[in-house]
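Here subunit A shows up in two complexes: once beside subunit B, once beside subunit C.
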Partner chain A sequence: MSYEFDWAPIWEARALILAGLATTVMLSAASLVLASIIGVIVGTAASSHRLAFRVGAGVTVEVTRNVPLLIHMYVWYVALAFLRLPPFWCGVLGLSVYSGAYVAEIVRGGIASVPDGQGKAALATGLTPFQTFFVVIYPQAFRIVAPSLANVFSQLIKDSSLASAIAVMELTYVAGAVEGQSFRTFEIYITVCGLYLLLVTIVTLALRFFSGAREQAPAMELASA
Partner chain B sequence: MPDVISQNLPFLMRGLATTLRIAGLTAAGGTLLGLAVGIAIHLRVAVLAASLRLYIEFVRGTPLLVMLFICYFAFPALLGYRTTAEQATILGFILFIGAYIAEDVRSGLRSIKPGLVQAALATGLTHWQALGLIVIPLALRRIIPTLFNQYVRLLKFTSVASVIGVQEFTGSAMLVNARVFAPVTILAFIALTYLVLCLLLSSIGRVLHARLAV
Partner chain C sequence: MREPIIVLKEVSKAYGATPVLRRCSTAVAAGEVVVVCGPSGSGKSTLIKCINGLEPFQSGSITVEGVEVGAKGTDLPRLRMRIGMVFQHFELYPHMTALENVMLAQVHALRRSRSEARERGRELLDRVGLAEKADAMPANLSGGQQQRVAIARALALDPRAMLFDEPTSALDPATISEVLDVLVELAREGMTMMVVTHEMGFARRVADRVIFMDQGEIVEDSRKEAFFSNPASERAKLFLSKILFH
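On to the complex of A and B.
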């Protein structure tokens, strides 16, 4: 092995790398929120008593999940270019719609795991349907699906790297730029891997904390790209 | 079929062939790697198991695109060899999906009850025979759904290879788009193709699971 490690150029590019990290964090955070909203709406529709809602939500989820994320991003960036959305928001929308389908599946599973009687009892005590969902069903479902949600959210953070393909200057994009300038290929990608790992760990720990910090059952294997 | 698609169909199909070649090769390679790693960890092979755990954790925390960059730029620089974009893609995908499959294999192996192994040993099979004839086949049949989940992911992932310049399906389609500019038609066409292929792949998984599940 004749490769000599030299970390100095990485340190010199720290401002750029941190800016990239900040963009990745914002991109992921915005997508995480939007994906959760989409997921809750579609997932709730998927567990509706009305057939039309169930079928509609099911088809939406299947179609969304089975199209590569990169295509989702190109849809906003290239096909809907007339909207003139900035690349960042194309990335957010692509990522949110794609991950939203995975969140929807989890929400549907979570709602199904809350016993039917809970909803009926809540309605019987005079809560509105809206209150029933937000006060009774979602909180219980959330505890059950928190590990799977952590999986999808960490996947989302990693997937945000694909936004570099539509010229969002996030971490992976910046890594390419730093690599091009310094040729410290290995050092920069190891650094970037470490930063992604850090973000994923933070999100996983945060979800564990918010879901009641109980001993977690092994997460449902819900994979995404 | 719209003109844009029919006129460029041979070109697009060549891209699709590349996509399928990459997906097929990496599915096979990733499954073999995942099996080897999963079994090694399950058997608690000294030192090896610990370093393999590290490999799995590293890969699962790394975005696919970064993995591709590592295989395309970093490994060749580090180890001093030359590679093409397609070779780097295949290596990267195998290393990437192998880590996920290894986890699936491991949980499949763990789901086999110890009593089964004891029964196998009691009938006179050696440890290796029990593993090879009883435990591994049963575990594999049990993880068919997750395995096919990974294959579907892999098929979708192949589109990422276009970012490092592999002319697979998405890459070819974007090239066509750059020449004729019909993004809506072209993207709809490739999205639909991926959708059909992925649904096909998952239904194969479902049929296999229904036939072979234990």
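On to the complex of A and C.
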């Protein structure tokens, strides 16, 4: 069997592919920010000394994590159709809530890995609980959990392809369209693979950079413990 | 007696059914140095952590310069700025340099400018003999050095009183004296201090008063001379005989 590659149709569809890539980037970026916010709030609640907060956070995490991502998207797109949210935002909400649960678990673990005395010391110098979290606890937790966060964020970018199922014209959706018109199946999916790989690599490297690469080895160890 | 800064009245606390503090009452006057001693688990650390509201208590009252610690509307951060605290395990922030550790609360709690905080921070590090370690990370400092930075961090808020929770218990013997020297100097300068410690030599040297606790109770609260020469209770006698001649 021989197959002749023909990249011309891909090049001709470049505007469409780039638009899809742009949508994937925006979808992922918006979800990444929102998932982080949800994750920090829920993860912090899960570390609270108040039982009600812990139970609330635990239930939220279990419920959202144990429902398939596609169903999350359908919930916003189909079940909550009366909200008339554009598909893009249904995708963002589905991805954020789902990934937020994973981020929450990581945040909870990160906070737990910071010794109790750190918070006490910060409070004892007159910092408010809010300041204590932001300047003393989160920065220490972040260094420890950065590798795990990179995993969730790269997963999130790949998961964004499921938004094609609710008619968000992101990269995977566009790939299907180009394939349907040109029948250049290998070429388009190789192209799309390359683009996803590029995106995930950029995010992983960025996170490694921000968390201080010098501590990579011990950080890995702690995160898996 | 001078005006008391810290007043405890009948403070009690329990974890579930286990009492940790039983009706503890005392007062610390401005400029006074009070050493709190007693066997492990006697509630010493819990007692001083109640004073700045790090540990809640169930009944009784604690006031710091007239402000009720346990009351609902109390601005705890504000109250804590006026009482410095030093911990057994130092608790320096590991992601910041020594100087940044001393600057942090000045900037965030006192709202000093960074340059002012830096200047005051360097001054205090110099005072505890660590001027040249300003840019060192805590992990690269010895225990004694870390504890001195922690003292500088607490002093940076210009507190009215200082609480020390076993400041030398986690140190190796060789570095204990460098921390005690700082404490002695503070005491000489007239700082109001409450020190939980097993260092009876230190207590003899600088304490005005000694509080002896056992099983959550303040068993003895007396002038240093009286406590060491003639303790009133059997429990204190026993404790002293063990700790002094061990």
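One rule holds in what follows: the second predicted complex is superposed on the first by the 215 of 225 C-alpha atoms of A that agree within 3 Å, B and C clash if a C-alpha of one lies under 4 Å from a C-alpha of the other, contacts with A are read in each partner's own complex, and residues count from 1 in each chain.
The working rule: a contact is a pair of C-beta atoms (placed from the backbone, for glycine too) under 8 Å apart; a residue touches a chain by one contact, two chains touch by 3 or more.
What you see is a predicted model; the values in this text were computed from it and never measured.
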If touched residues of subunit A are counted for subunit B and for subunit C, the larger one: B
Quick check for you: in the superposed arrangement, does A:A79 touch first (subunit B), second (subunit C), both or neither? first
Applying the touch criterion given at the start, work out whether A:S36 contacts subunit B, subunit C, both or neither, answering first, second, both or neither. neither
Subunit B versus subunit C as contact partner of A:P139, first or second or both or neither: second
Touching partner for A:L70 - first (subunit B), second (subunit C), both, neither: first
Subunit B versus subunit C as contact partner of A:Q131, first or second or both or neither: second
Under the contact definition given at the top, report the residues of subunit A touching subunit B in one complex and subunit C in the other. none
What part of subunit B is in contact with subunit A in the complex they form? 58, 61-66, 69-70, 73-74, 77-80, 100, 104, 107, 146, 149-150, 152-153, 156-160, 162-163, 170, 174, 177, 183-184, 187-188, 190-191, 194-195, 198-199, 202
Along subunit A, where are the residues that touch subunit C in the complex? 115, 117-118, 120-128, 131, 135-136, 139-140, 143
Residues of subunit C touching subunit A in the complex: 49, 52, 54, 76-78, 80-81, 84-85, 87, 89, 91-95, 104-105, 108-110, 150, 153-154, 156-157
Name, in rising order, each residue of subunit A that touches subunit B in their complex. 1-3, 62-63, 66-71, 74-75, 78-79, 81, 154, 158-162, 164-165, 172, 175-176, 179, 183, 185-186, 189-190, 192-193, 196-197, 200-201, 218, 221, 223-225
